[in-house]
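By letter and in written order, the chains are A, B, C, D, E and F; residue numbering begins at 1 in each of them.
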Amino acid sequence: MLYITRRERFSAAHRLFNPNLSQDQNLKEYGKCANEFFHGHNYKIFVTVKGQIKPDVGYVMDMKKLSQIIKTQIIELVDHKNLNIDVDFLKNINPSTENLLIQFWGRLAPEIEKCNCKLHKLKLIETENNYGEYYGE
Amino acid sequence: MLYITRRERFSAAHRLFNPNLSQDQNLKEYGKCANEFFHGHNYKIFVTVKGQIKPDVGYVMDMKKLSQIIKTQIIELVDHKNLNIDVDFLKNINPSTENLLIQFWGRLAPEIEKCNCKLHKLKLIETENNYGEYYGE
Amino acid sequence: MLYITRRERFSAAHRLFNPNLSQDQNLKEYGKCANEFFHGHNYKIFVTVKGQIKPDVGYVMDMKKLSQIIKTQIIELVDHKNLNIDVDFLKNINPSTENLLIQFWGRLAPEIEKCNCKLHKLKLIETENNYGEYYGE
Amino acid sequence: MLYITRRERFSAAHRLFNPNLSQDQNLKEYGKCANEFFHGHNYKIFVTVKGQIKPDVGYVMDMKKLSQIIKTQIIELVDHKNLNIDVDFLKNINPSTENLLIQFWGRLAPEIEKCNCKLHKLKLIETENNYGEYYGE
Amino acid sequence: MLYITRRERFSAAHRLFNPNLSQDQNLKEYGKCANEFFHGHNYKIFVTVKGQIKPDVGYVMDMKKLSQIIKTQIIELVDHKNLNIDVDFLKNINPSTENLLIQFWGRLAPEIEKCNCKLHKLKLIETENNYGEYYGE
Amino acid sequence: MLYITRRERFSAAHRLFNPNLSQDQNLKEYGKCANEFFHGHNYKIFVTVKGQIKPDVGYVMDMKKLSQIIKTQIIELVDHKNLNIDVDFLKNINPSTENLLIQFWGRLAPEIEKCNCKLHKLKLIETENNYGEYYGE
């Protein structure tokens, strides 16, 4: 069993915001992260796939294929977008690192399984000091 | 003559937008960077000060003081903000890297001169692939 | 179950030194790392917490709270200090990466549990070539 | 149980190439990675060892010893070499990240066991976007 | 006057080799860098352009255009190639960092001038310890 | 004229301390940087040499030679040392980044001139937020 990881990047605006709370309550909970007109990040996503080496080709999964899946399923939909407004699959989702990980997992795992591999881990880096990881359960 | 540099960071939303053009014209000029609901970045600013070593203390300028100036003049006003909407000193400014550098220079240079040093260079990193530099003229 | 990680940094002097051995024996064992008058590092600590997403707020644990715990329990006590001399909770401890990890764990885990989360992993980077990790057991 | 990691680096030429296929078939499978006259990378290898702290010395394994093993078993044989041609232990191996990890594991694990420690993980970074990991099984 | 910089990357094989010398003499001069079957690097190129801000658009030069020039003039020709064999504009050139910088300059400067900007500096990073810079004269 | 840069690293203990002032005055001036028992850093030094390409070899200066000069003149004397106590050429020098740059320059420039090259710039990185640069005058 080997693990391979592909990194992709996107830049997006967002704010932490729970629509069931008032703006004052959101500010109390999230501080500057709830700023009404948003802030933003250069996000880095690391997608780790696990599988056996395919003996004829010598790799677990074609990195070009993995990159293409991440771009089609995630990057093209979130890059240079507002995560609270612009992204259909994030509608009504508070775009915290944790919630993004869960939504991204749901979009990547089935596509990777079609290639006879298994999504093992997602890591989403929000700033050089903060990141989250998810193993799908 | 020695040069010392202090790095500070901020995360902000912005979009490239010329208010004299229509949204369609802005999209044509700036592409995804003009997205109506903004995108965002983790910005890194490197502030380079030049001066003589002060013999009694052994440095050009107190790094704690330099950090405090950058935070007061820049970071506290732009971090977790929308550069098109939230920032008084950027009103009516298209927040490109280049325009940000010029505005930041105007706010930092006088404060650094009060410390008998001279602002030499600003470097503003927008993404790991793009940055701008300004020497004040 | 999600994992979130907060990075904090500190700069400290230390040397590897076993007080039960002579300075010559220490030099033989640790080489330049036993230098009598110390050397030092810019340490980076990555604190990984695991937990469920709290549905009302959308995160596992407030990153501001996690940062505050790390600062109060660790950074304020070790930053710009001598790990062999200045730090009460390291008295009589040989400040290797491994021993630091165990001591840091003991100070962080109970505070994180008070927030209904669980400390999952500590990673301590000593140089760009050397780091250690600890899972608490 | 603690985990310590040592990073080492090497620069090498390689190409992905299955000798059972024609050059055209290789190009179809691997694209530019099969270029007849090779390309190359600055590889980074992270070697993670697990073990108990040895109480008298305060560490799991002497980092100088670990570095020496990696250099003798791997770096001196692959640095500034062509992985398809120059390296005896890679003869007839398609030098993908995955295959390199398995070959490196076979050379490192026994040497680390001689030091009463256990090789836990190898991570091989090929580019800033691509890396692989192996746990020995 | 402002300076903007775009980073691009390529991975290539090369060796230092002076065809007027024997292989033995080359090995004596360049050591392992002259290895007959090549080695390779992940190169990073930083292209710095200087110019005035164009007031209507707010930037010195469109980063997308700059990226496209670098890709067309350099990256597509050297990425996943052998710099001693595969690249027409490097024929009979010893592919040291210094010589690469001069050849790259000659291909980039005229294209950037067509955009009414001026190439100011090229920086070519060969490894994390070695890089070269060129200002065109 | 081309510029080449070699990076080397060292880890050292130090404190900012002016022996003409009392410990209280030093603490007032330097804060935690004056801690009596020192703190420490992983320093990175970037040595930039300028010169013409030597046509027969294709480089400005042999990087192996440059590395050897930096190691002999600087790294072997300061690595895993206390900059306030252990280093002869820093005796009675307050080891600020600025003062280190001047002392390092004095030791490197003559050795580099013996190779018919010219030391152009020294950059000394103390932390990821602080660095200094010196051009020799």
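Basically, a residue touches a chain if its C-beta (ideal position, glycine included) is under 8 Å from a C-beta of that chain, and two chains touch if they have at least 3 such contacts.
All figures in this text were calculated on a predicted structure; none of them were measured in a lab.
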item	value
Joint neighbours of chain F and chain E, given as chain labels	B
Of B-E and A-B, pair with higher C-beta contact tally	A-B
Inter-chain centre distance, chain C versus chain F - centres from mean C-alpha coordinates, in Å	28
Touching two or more other chains - residue numbers and ranges from chain B	128
Topology of the chain contact graph, where touching chains are joined (line, ring, star, complete, other)	other
Touching chain combinations (by label order)	A-B, A-C, A-D, B-E, B-F, C-D, C-F, D-E, E-F
In the complex with chain C, residue positions of chain A that touch it	16, 18, 20, 29-31, 94, 96-99, 101-102, 128-135, 137
List of chain B residues in touch with chain A within their complex	9, 11-14, 32-33, 35, 37-42, 79-82, 85-86, 127-128
Chain C-touching residues of chain D, taken from the complex the two chains share	1-8, 48, 53, 56-60, 63-64, 67
